[in-house]
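Paired with chain B in one complex and with chain C in the other, chain A is shared by the two complexes that follow.
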Partner chain A sequence: MLNIGMSIPRLDARKKVSGLEKYAADFYGLDFVWAGVKRAGIPHARIRGIEIESAKKIPGVINVLTCRDVKGSNRQGVVRKDEPVLADDRVRHCGDAVALVIAEDKMALSRALEQIIPDYDPIPGVFDPEEALKTEAPLVHEDNPEKNLLMKGFLSTGCAENAFNECDAVVEACFEVPFQEHAYLETEAGWALLNKDDRLEIVVSTQTPFRDRAEVSEAIGIEEEKIRIIAPYCGGAFGGKDGVTVQSLLALAALCCPERPVKMWWGREESFISSAKRHMARLYYRLGAKSDGKFHALEARIYYDTGPYDHLGGVVMALGLEHAGGAYRIPNTDLKAWSVYTNNPVGGPFRGFGVVQVTAAMEQMVDMLAVELAIDPVELRLRNALGKGDKNPIGVTMSGSTGIEECLATLKGNPLWEDREKWKSKAGSFKRRGAGMTSVMQGMGYGPVVPDVANAKIELTEGGKFRVFCGVVDMGQGNATTYAQIACEVLGQDIRDMELVLPDTSKTLPSGSASASRTTYTFGNALIGAAEILKERILKCANRVFMNGEGSDIALIPGGVRNIPSGQEISLSEIAGLLGNSERLAVSRFQAPVSTETPAEDPILRVYGVPHVIFSFGAHAAFIEVDELTGRIEVVKYITVTDCGRIINPQLFEQQMQGGVAQGIGYALMEDFVTERGFVNTPDLATYIIPTAMDMPDMDSITVDAYEPTGPFGLKGAGEVACNGPLPAIANALADACGIRVLRSPLTPERVLAEMNKEK
Partner chain B sequence: MRKVFIPETQAELFDIIACNPKSRMFAGGTDLLVKLRSGQFDSDDLVSLERIDELKGVEDYGDEVFIGACTTHSALIADPVIQMHFPVLVKALRVLGSPQIRNMGTIGGNIVTASPAGDTLPPLYLLEADLELKTKDSSRLVGIKDFIKGPGRNDLAPGEILARVRLRKCPAYNLQHYEKVGQRNSLAISIVSLAAVLNVSDKGIITEVRFSWGSAGPTVITCKEAEAVLAGRPVSNESLEKAARLARKAVKPIADVRASAEYRRQVSGNLILRIQGLLNGSGDSIQFAD
Partner chain C sequence: MKISFILNGTETCIDVAPDKRVIDVLREDLCLTGTKEACGSGECGACTVIADGETRLSCLMLAAQLEGRNLVTIEGLGSEKSLHPVQEAFMEHGAVQCGFCTPGMVLSAVALLKKNPGPSREEIRKGISGNLCRCTGYQKIVDAISEAAVKMGRPDK
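Now for the complex of A and B:
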């Protein structure tokens, strides 16, 4: 039976393509009602009062709720619980929820939302993370002892200050990267029902069903045991559904109309104004090397704009800080980062989780240094690449598989890369061609303190098939299929005999979030454990039937067990009948390994996830053509060389690479969530531009021969690492083509042309 | 509840309009439904033009070609007469929206919408299109320049429809060119666009040249001065540069979330510089194999 390493098509493909798969947004139900949210529409104000009585009188309106109707803490958030479900005394960004309407139909709902008029007393806001740290800045949270600072982190090794004096070349620059919108196909959606027995059922598009249950319980004031969260496949999430979106609001609504289903589904514009974005960041970098190209000193000052709420902004900052120096040996580093409150949109988790920003800065610095030292950019990276056992830029020992050098070497030998000068020389009139590259890396899992745990459950059904209880959400990556594939491998079965149960707090076991590139690594390991237990039971039972002694030569085959010496077979359904109900079920727990090193004096960084032990790596190359007349960049070809350990399903892996690169190209060239003093200038998909298929280059996804001993069948996470590459690779290609650097991304035609004008 | 009428003949259509003067017409709906969704007008009744065959298709009358207003962009791109005689229009249609939008959207809708970014408008200005406007019992012909009054404003009278677009077959230009600068390669609203037709003699002299720009002013911009510095002269970088400078003076761009006015102004001129390469046949293909 060949499973691992096979491109088994997604089990959900047919149902999704034919429209049969039911997403959270597809739930309605008999006699259902709509719930909707009144948004602040103003970035910073005190609320004097909210007039809801006239909205309540509109025919078809069931109720209008404000913070006064919230019985629980009215606070949500994973680390610092600073975000109200419904605003109490003030609003802190345009997307804040101020009131909740429950209505019989959408018409009544929208009329009521228009009718609600909050009485605001506007207060000055703060819209830039560095401004926000100044003493005179308006405060976003008056009760925060550290004013507008959410969290800071300092890490260092050696003595950077002195080391810069010992360098032969030093480069320095300040980069700015924008807010990025997730723009998933399925906007935030959910469905809730308060049952007769007072149990609350919520079906929701989420990455975190178990954590949501705890959050809703506390915020709304319902016992956790009474809440059930069901998480179908998401229509995209990318981190934007890592945490509560509609859940608490739906719970509130359901409480006021028992036994009637409540539906909430944000429109695109509502999603844009209220959902979390990739953090805007400003990054001051200085990198120095010796004349032989050895990196010697690095200094970084990084400001992440977390908007008005934590929403994992501290953890995002910490992961960025950990990756600030990239996959290199740098003996002297001085790295500082701040996550800062503003009245801008909420910053939050987004594929790459803070690493995208720092990679953009660091990898451009490396290329600038390569120019300064006249060393080939791949060569320069190879001279500094981390190997297993090396200390990384925060002084932590690399103890997991570390394939960056193989990735770089593979790219170096790639024929397209080798022949790039020839390709470049063939540019047409008013065109310039460039080739740029970058290293990428992405840490996996929650870090040393928060237990990164999964609990897998697998059942041999009475019919002799296997049922895998997926603990972690499949938000579109295809991990549910990989789970089935893993179980097939252990149990020697055919993928067709696998049944999946998607995450559901009353059916599957808590296994953490679909995030942090941990989804398949952690749950996959747990699932191998559970499948092994079940396998052993099945074989034991078969041995009894065959009247064999222990350790006899028998094997699982698709649908049954075969006694090899005699050729005798027994079907799995017969075995299922012989096993007790509880014996047909196996569970297993896995906890990811953690580092014991403490890189910072400040122990809090460990709680925030620093340091990681397992990283995925890659080397990317972008081949671009720049139009001198318009400044437009066309990405013609893109190559990823990746170390994600062993690849379980090459097709799914390639989709992760391509998806990550596509999102990264959007971020590099066009995606820019523009705000002006907290007001959104790109409120919809007509103004916020994401790439289309026509903007995508041909992509090659190459892997290096790698194996991570702690991973399931040698795997490491592949979900995030690719999206870190495109911005620096393209920016480096632009520098290669035109000798310019656009320090503020995205690299729009207008910015590129302005920079080219300066050169003239 | 909003009513939607679906007439199948012009006669039926005019009756419906007469009885429902506040109703709104739509052909593909790709502009109208967007406005409806964003609440730009109240829930008036709608009249669909989609099933009226008289308003669709291309008729070739020798010197003149008539295009039914409700002909979709995809149908025009595929039409042999349009391909043969009006490549500049086909080039603009190819970069309008996306396949879905081109399958639904119509040339009539694009004209009546009168957006400064409407992609058919710069070619239609160059081709001096005339529009046939009809009511129940009248018909008039208006030049496109006179029809478009400003951003979103046109010369349609109440109860009037755009029935057909008349184009005269033009001399065989050696170059018909449309370039749109957008924020991406498909589904892009024009930041600035240039339509150009040129005739260059065997000796390399420009005998005829016309330019028009989209998204560079409240309506399509033309620039006689830029054409004049080129006409009667050989193609050269210097004269194209000169024309580009004049073009930059002629345009009246605005700034918005897509681009600054200054960028639009500079690129309006820059796009002219592309012409020499196009005449030399230097490739627009950038396949990696090149």
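Now for the complex of A and C:
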């Protein structure tokens, strides 16, 4: 029976298509109450006071809470805990939570929210990351010794300054990329209950149940042991639920109405205004090469706008910095990045985690250089592509599987790519066609210091089936199904005999976040370990039954164990009966390998995750048609060639590629989270446009034959790498079609048209 | 107010405020949480239901408008054991990821195939363009609907 490499439809699909899967948003419960949040509505102000008494008097209102009611630290955050659960003396962006209302029904809730009027003393804000670094800029956190700087990182190799003088061609540009909203369909939602025995149960749409528990405990002041977090399948997350959203607020609400379920579900507008975004960034790049096309020097200055709170903004910056030079050998680099506080929306984790921004800049630079040198863009990349054992642009040795060259070579030989000139020549009237490509890469896991650990648990049930306790959330990637596949493979079972227990701090073991392209790699490895232990126990037990000596020829078969020489069989339910309860359970821990190199003078970057050892790679191509009259870009076809190691489930893998490309195409062409001096101009799906079925091309998801020796069955993470490609591939295709560069994305029709007119 | 209508094939009578949104009636009063809300303002299609054969957005529909209607929600399309061919195709072709858009998407597809049993890929894309999906990039959804159309067109199947 084949499991690994098979396109097994995900196990959750049946319940999801039937409408029966229960998401966090689907919990109501008997006699439940609603909780809702009063948002700041102003980007920067001191709070003189908040009038809540009249809201409290509204019939149906149970309570109104402010920061004074928070017993714990009232601070949230993963690295720097700088975000209040409920604002104390200040608000720092429009989405800050200033008061919490608990009410019997939605009507009373919304009346109370309207009735609460905070008394603000507005203070000047700062809305641009470079402005924010100037000495006279208003301070977002008055107590931050580094003013508006959250975190900076400098990495270099060789001597870039001198090296630029030795180059035969140098290109230079400044790129700007916007905030991007996750726009998961399930907005932030959860349900909480304070039980009779004072235990707090929270069901929530989250990527990080175990970390949430610690955060809620500290912020609200409840012992961690008293909190249970249950994480059902998420209705999308993409990084936006990496960290606390409704959790602490729900906990506060539940504490003031014991034994009654509390429900919170942010509306779309509330979600857009208060949730984290992909960081806006401005990137100054200079890249130089010798006449043979060998990259020789790179300089980058990168500013990430992290909004008012850390929210992993330092770690995002560090990963971006690490990837700033792409998948190339560049002997002389000088890379600097800053993550800066402003009064804009909160910047945070979003699929790609800082890498999307730098890839957009670097890969356009490479194409600009290709034009300058008159070398084919694929060829130029091939001449510089990293191989195993090479030092990357931050001077770290590539020690994991490194398939970028294979990806580029495969794209080069792809018939569509080979025939692109013919395809381009067939453009209709007033249309221009172009083909563009890019390399992509994405590091996996937490980096060298924060332990990247998963703990897997698997049980042989009394009925002779297997129960996999998933430690990492499935937010839609399908990793839970892959876990079942992995366990099947080790135990020789049928996927139908697998049962999944979703993350629950009372049932499953801590295994880190569903993020960083690590979910299947890290947990999958732990699960292989646990399944092997259980397998050994089962075989040992069967051996006793068969009265065989050690080392006899017996095998697990679906539902049982067979003594191969005699053909005698015993069922797994019988084995389960013979094993003790504790023997039916196996656990195993896996910690991802780390790099021992320290690339920077500043060792703090290691704590922030630099450097990684395992990367996924890819080469993408976009085929576009530009309307000369409107400037509208249509992506007609998109190709991804990817090295994610060995693919365990091709269907799930393709889903990751196609979904990542879709978010990337949105980012490239239309998604622009617009703010004006901190006020949000795009608070809904009518103003913030994401791709519909009409905006998406058909995509080819090609893989190269690859294997990562440390991965479960050879796999590497596939969740993020694809979303890095579309913006640079499309921008390069636009340059190919029209000879223009729109340095500020998204590449909207207006911007394309304006640039085309300049050319005329 | 008492409202009578057919819900997933069953005569139903409920007593709710006439201006309550249908999505809330379904989710809160009737425990049918398969109908999802993702915007509440007619922009995403997650709350799609079928009323008298036509797709409707239940976040924009009020309870009073249910009177006398024949309403189908995702729960009434097929059962978990015996799925509707469109549901089956979504499952088989990997058209489901997080699944939050799926109920609305499936119902839009069913309505589309009723009007146009043999749609081209372009027609499918157009037909589901009112349903947003943030996970899939739509390709496998289009694949699934094409496949369902073929299967449903074959009477022997």
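Everything that follows uses one rule, which is that the second predicted complex is superposed on the first by the 760 of 760 C-alpha atoms of A that agree within 3 Å, B and C clash if a C-alpha of one lies under 4 Å from a C-alpha of the other, contacts with A are read in each partner's own complex, and residues count from 1 in each chain.
Note that in this section a residue touches a chain if its C-beta (ideal position, glycine included) is under 8 Å from a C-beta of that chain, and two chains touch if they have at least 3 such contacts.
These numbers were taken from a predicted model, which means no experiment stands behind them.
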Chain B versus chain C as contact partner of A:K637, first or second or both or neither: first
Chain B versus chain C as contact partner of A:S18, first or second or both or neither: second
Touching partner for A:D96 - first (chain B), second (chain C), both, neither: neither
Chain C versus chain B, contacts on chain A by residue: C
Contacts of A:E322 with chain B and chain C, given as first, second, both or neither: neither
First, second, both or neither for A:A686, with chain B first and chain C second: both
Touched partner set for A:E750, first chain B, second chain C, both or neither: first
Partner chain(s) touched by A:E215 [first = chain B, second = chain C, both, neither]: neither
Partner chain(s) touched by A:L185 [first = chain B, second = chain C, both, neither]: second
Which superposed partner A:D698 touches (first chain B, second chain C, both, neither): both
Footprint overlap on chain A, where chain B in one structure and chain C in the other make contact: 686, 691-694, 698
List of chain A residues in touch with chain B within their complex: 416, 423, 426, 428-431, 623, 625, 629-630, 632, 634, 636-637, 670, 674, 681-682, 686-687, 689, 691-695, 698, 748-750, 753-754, 757
Complex contact set, residues of chain C against chain A: 27-28, 31-41, 43-44, 46, 73-75, 78-80, 83, 87-88, 90-92, 94, 96-103, 106, 121, 124-126, 128-142
Complex interface listing, chain B residues touching chain A: 98, 181, 183-189, 191, 257-260, 263, 266-267, 270-271, 273-274, 276-277, 280, 282-284, 286-288, 290
Of all residues in chain A, those that touch chain C in their complex: 7, 9-10, 12-23, 25-26, 28, 182-187, 233-238, 267-268, 475-478, 651-652, 654-655, 658-659, 661-663, 684-686, 690-694, 696, 698-699
